[in-house]
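Naming follows writing order (A, B, C, D and E), and every chain is counted from residue 1.
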Amino acid sequence: MTAAADTMDGPAREAAAAPLLACAGLTMRFGGLVALDALDLHVAQGEILGLIGPNGSGKTTFFNVLTGLYRASGGRIAFAGRDITGLAPQAVYRAGIARTFQRSRLCLPLTVFDNVMIGNHLRLSHGACFNVFRRGALRRQYDEAVGAARSLAATFNAQLAARLFDAAGTLDMIDRRRVEICRALVNTPRLLLLDEPSAGMTRGETRELMDDILQVRAARPALTIVIIEHEMNVIERMTQRCVVLNYGSKIAEGPFRAVAADRGVQEAYLGQAVA
Amino acid sequence: MTAAADALEVEHLFAGYDRADVLIDVSIAARAGEITCILGSNGSGKTTLVRSILGLTPPRRGRVVFGGVDITGLPTHRVIALGMACIPEGRKVFPKLTIEENLRLGAYREADEVTIRKRLRDVHGIFPRLGERRTQLAGTMSGGEQAMLSIGRGLMGGPRMLLIDEPSLGLSPLFVAQNFDVIRRVNEQGVTVLLVEQNAHQTLAIAHRGYVLSKGRVVAEGSASALRDNEEVRRAYFG
Amino acid sequence: MTGSAATRGAARSHSGDLLVATAAVAAIGAWLWAFLATDSVGVLAGLLAFAAAAFVFGRRAAPRYRRALAARPRMATSLGVLTVCVVAVALHDQPYPLLMLCTVLLFVVACIGLDIQTGHCGLVNFAGAAFFGTGAYTAAILAAHGVPDPAVIFAGGVVAAAAGSLLILPVLRTRGYYAALVTIAFGILFSTFLEVNDSLGGPQGLKLHGIDFFGWRFNRDVNLGWTTASFYVNYVVLSLALAAGAFVFARRIERSWLGLAFDAVRLDEIAAATFGIGVGRAKIIAFTLGNFLCGVAGSVYAMMQGFIAPNNFTFGESLILVSILILGGIGNPLGILPAALIIIVVPQKLQFIQEYRFLLYGVLVVLILLFRPEGLLPRRIRDYFPGSGA
Amino acid sequence: MDAGVLAQYVFNGVMLGVIYAMVAVGFTLFFGVLDVIQFAHGDVVMAGAFVGLATYVALHVLGVAAPAVVVFAVACAAGLGMALVGAVIARWLILPLRAAPAFNTLLVTLMLGSILRELVRLFYPNGSNPQPFPRLLPSASVNLGHFTLRLDTTILIIAGLVMIVAVNLVVRRTRLGLAIRAVAQDSETARVMGIDFERVVLVTFAIGSALAGFAGVVYGLYYNEVNFDIGLLLGVIGFSAAVVGGLGSIYGAILGGFLFAALQTVGSVALPVSSAYNNVFAFAVVIVLMTWKPTGLIAERASERV
Amino acid sequence: MQRYLSFACALVLACATLLAPGADAKETVKIVFIGPLTGGNAALGLGGRNSADLAVQLHNADAKAKYTFDLVKYDDQCKPDIGVQVATKAGADSSIIAGITHYCSAVAIATVDTYHKFGLPVIVWGAVLPAITYGNDYPEIHRVNGTMINQNEVNAKLVTGLGYKTWVIIHDTTDYGKGHDEYFTKYLTQDGGKVLADFGVGADQQDFTAILTKVKELNPDVVYFGGLTPIGVRLRSQMDKLGIKSQFEGTSGIVSDSYIQALGPLAEGTIAFIDGAPIEKLPGGKFFLEQYAAHKYAEPPEAYGAYAFVAANLVMDTIEKVGPNRKAVTAALAATKDYPSIVGPVTFDAHGQNIVPIVTAYVVQDGKWVVWQDSDYAKGKRKLAGGK
């Protein structure tokens, strides 16, 4: 992680470098419905990209195709110079892409720690013999993991770190989101996909969460983020660049202010201006 | 029916799922014979409002009165029986039923076959394509056609009041314009409409009055023309 | 209050709690003894009423004492084992209660196996009796060929796990009721096959000798010095060791990364896959481990009974195993013991109403489930190293 | 193989398939509206047969002898009686457990099955023994080589098919059926259409159980013997047929029923090994089919429950 | 109504026995009855239980008897493991002196070790597999009913004597059916009969039309069935459906009233065999049937009720003779010779098996099981299927 961060710190150099993620002609069809229509999209190393568009424009579908939950009907995905089209979700995660879900997919009966550890699974020893018989070694791994989870949670806030062993179902919405983000971050991915992190939260909570994300990002400058959001002030505040989708294709791209002023984008959201 | 009477009143409504409140102290009124719109971006609580009115998500606090009857917490089918109809978000047509069956479900509370036939003819008049393809399965239709079906189904009940949740969702501008036109015509025939939308411009073009919902609270209300120029509306979307 | 005073206070109340908890375990042991030993309807009714009352009224106070015990897992396990040992000694000259105790303990082992599959990994298995039976038949065949008994018991588990691998592909591909059907079909297929196929004894079953552990004959009464104990004491010791072993095993699985992977797969397969967990691998491991335990229990059961026949391993018996699981509270190995007592021993205790007993028993189970839908002891939050203060 | 013998196999297989399909349709209907499996359904079939039998005995005592009247009364009593039982099961055992894990419904209905079985065994006079079921249908027969075409069996096949078709018509063509299908596809939107969800569930259980009651009578009239424990195997086979066909689909259930009958027939006569292996064969094919089509032959939708 | 009453009675009795231990002048001795009281074989088990109960009641009513007997009843569910459990319970209960045990052969085989271990003398009242007595040398195990060997020997001789040539054998795949299949095939082949085909069917199978269609094609003179009443009824009735005209014969498993009740006129002409003398013909047998009727049991005695009755009487008479002591009873039972009973004289061989091989052939005539020799068929007044 650090090597990349060292060599790339200026936004100018990032843009010049080969993109971390490049999708070409990405298409996803469900029966007669075209959810992604030959989408071309690239994300530079270290950038925070906003992905916006009206409801049903294909944003979440894009995430699902990217993470291997759906198999693309056409097109290619390259990540860090490697073709990841059609890989299984496990392999995509191993390649360094982690995500959150629009509708929280935490395992609510499990503790915060357990949920975070689900994200950390690749780094834990999961052989049956190890887990059952080598309890001492497991204990060491566990203590380490608790430390890691606690410090990760503490980057959000101390209360969350204190509630590490409470069931996720007892947390309120914003803390559940934080746990989801922790789960996605614990394996130090290169690309983080955030699917509507503000959904179901108040304006104040949203602001708080965005502060948290920026803080995390400050601690890991090389982390690349793609964020789907409806809250435009979130997009404005968080992103350097946005891509607007409508009907599964890109209708605009650029800094938020420019995109928001775009007539096509306004129509996509607000409908055609009626005289 | 006097134009000033409130067909639907929502008073100080609180509602939500799990632990979080999605609606906070929401009060709105839809006047009889008018189109009242609720504007707001995604996640502002629009759909929860519709669900609370219909009794699908029982409110935590507050009251819903429809045509003088307190319907707070009433089972959904009883609310519908009082003359309410709903065109749900995302169309929600029954994919494995034919177009005609979908339409007939809209008139489920109506027992009289003659009336049902008449309404079918009316809907076919509005959307000729639904008449041409009665036996096609709804799931095989395009998004725009499904939207037509959903609206037609809502009209089949011969409602006094129509709740419409995001009719423009995922539709091309042409379809959106067409559907809004239908809504306007239906309203002109005396049906009260509560239109929940994200598409502000076209909505305000046909609505009489409106409310703007943001993060579960009403942040603006007024006549459609007043809202059209209201900065709050743009803020609700673009921050 | 100063910090150190608070700590001291906590420690004091902690040891107090531990004392109460130990007393409670002792009381449970006494109850178990009375329940197994009694043949009187009045005493039985009294015991059941007492248990129900203790359950209802003790619920509020219980967590505190349970925590005290949970903080010392080793002591808790030893205490449990010791309690059952004491019960066994108290019953040493009563073969029938001892036999029931063995039966319950062996069913506990099998159910813990199913619990790893169902309660942890979310795999339904309605063929538990088939894997139990595989172990039993393996034991019958190997023991007849002179394989030493400890190896026979282990082999029973291995063969059952191997038999399970026949079902791996359909089990991985199907879910929910469709998976249930696959296992139901296998269970029926298994018992029908045993019945029609004469090479394994057919419907007349197979006879087995009692267990012989390096010269220690299990079917001989045990001389305890002051008295002679029924030979079933041997089987109680073995079954108890297996049950305790299975319990610790299941607990360790649960309290490990593997158990976490199982939980993730059960609760949200998609999220699990998204975070790199091998869903198929987790299912295969859980399925195999569960079947292994069923097979081990089956082989010991067969040697204890001395005789096995196909109608011991029918679909109906699989349902009994699943019933124990659901009644105990899916995912909690601790709930299996009381549930097994209810499902296995209560019908025998109802012998006095003869042909009416199954009716009463059915009504009883339905009532328990209507009033306690999560089972008797629902699963608790995972704590990897209880008592470590983490 | 002789054509007459072949025809006989097919004819018998069809009769068997009709009975299985009648049972399977109930399973699939219940799953459709509520996503549950009612494992006592086979015992409802058995109870239907006994209600029919009791009605016959009562009519006999009352001196009603006209076969047509008796058959009609027996079928109606079984159908109505089981409709009531089905609705009661849904109302008091299934709906209250909707929020609980799906496993509980399973165990409760399993136990309910054994309760029904024991009730009949204990409280029907001489209930532990097989009971003669009266021959109420004309038993004329035609011999065509090795093929014996019996009038009563033909009537039963037709009656069974008519029942299945009738239920299918109710579901496909009536307002009530529309409501059932709507609830099955999307219960929430169905409620928004003004459908009383609970009522539809109860009615669906009543219809499926009534069909099971009729199946019990058809069973009795065909085999002329009923026993308190016939429900166990019928339930397992009905469930298997419904699942193999694809839960939620009526056509799938019918297909599954006939498929199961065919498998058992083939297993009995065409296998090189002993005919006792027919169930081993049938269930082995079921496992292979489920591996090949994990959500049934006519896949309506995956079941995520249990 | 009677059902509820008997349920209530069972409860009251159970309570009464608890609260008021024998205030009787006589010493009370406990003996145990074990059989299937629930599940698929409950009919036979309940018949056996009632018969044993009748024996005890009649004995207790006898003022000359030294002991009052208390019959403990256990259900083995026809499952070997449950059988071992209740056998252990009875064996370990030292107040129980002897047992009348088991209808299901697999259960009986499973439990013999247990009885031997506890030294509890038992008399098997219904299970027919030879191995129960001949598979061990345990002095505690006795059996009043015959094994399937004698039954099938007599059977094969009689039917081949009638002039039948070809057979199809259908048997259930339980130990009972398979055992009969084995021994009947053996004796039939010895006597010159020809087996065209042999079908095994599941014990809970309902439809046999596929098999019977094959049978029809083979067109045997006789269809032999080894199994119990429920399947027997289904087979016979489905044979008729398919127009199979062969003679139908069965084993002791179908000699029950319910076979005739369930089949009505179709039962006519069915031949079956049962070990033991014809009950109706012995004076004691008539007494048994009368008393059974007089005691108003809810269930009929069924085929093996008489054996349970005999076994109970034999146990009680032995205890009367040698006192309530297991060892003494075991020894005395071994010496049983020509004990007069309603199934004929009982004599145990070295294995405890009743060796008086009386096998009675029955045929259904006018809705009754009639002893073959007395029937119109034997006398030539009526013809069996195939004109024999």
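The working rule: a residue touches a chain if its C-beta (ideal position, glycine included) is under 8 Å from a C-beta of that chain, and two chains touch if they have at least 3 such contacts.
All figures in this text were calculated on a predicted structure; none of them were measured in a lab.
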Chain labels contacting subunit B and also subunit C: A, D
Greatest separation from subunit B - chain, by CA centre: E
Interface with more contacting C-beta pairs, comparing C-D to B-D: C-D
Centre distance in Å when subunit C and subunit E are each reduced to the mean of their C-alpha atoms: 38
Rounded Å distance, subunit A centre to subunit B centre (Cα mean): 34
Inter-chain centre distance, subunit B versus subunit E - centres from mean C-alpha coordinates, in Å: 75
Two or more partner chains touched - positions in subunit C: 192, 195-196, 355-356, 358
Multi-chain contact residues (two or more partners), subunit A: none
Touching two or more other chains - residue numbers and ranges from subunit E: 7, 38, 42, 46, 173, 200, 202
Pairwise chain contacts under the document criterion: A-B, A-C, B-D, C-D, C-E, D-E
Touching residues on subunit A, where the partner in the complex is subunit C: 67-69, 88-90, 93-94, 98-99, 101, 105-111, 114, 117-119, 121-122, 124-128, 131-132, 135, 138-139, 141-143, 146, 165, 167, 183, 187
Residues of subunit C that touch subunit E when the two form their complex: 39-42, 94-96, 99-100, 103, 192, 195-196, 198, 202-205, 207, 219, 230-231, 301, 305-309, 311-312, 348, 351-358
Touching residues on subunit A, where the partner in the complex is subunit B: 31-33, 54-57, 172-173, 196, 198-203, 230-236, 247, 260, 267, 269-274
Complex contact set, residues of subunit D against subunit B: 175, 178-179, 181-182, 185-186, 188-197, 300
Contact footprint of subunit D on subunit B as seen in their complex: 54, 56, 75-77, 80-81, 86, 88, 92, 94-97, 101, 104-106, 108-109, 153, 157
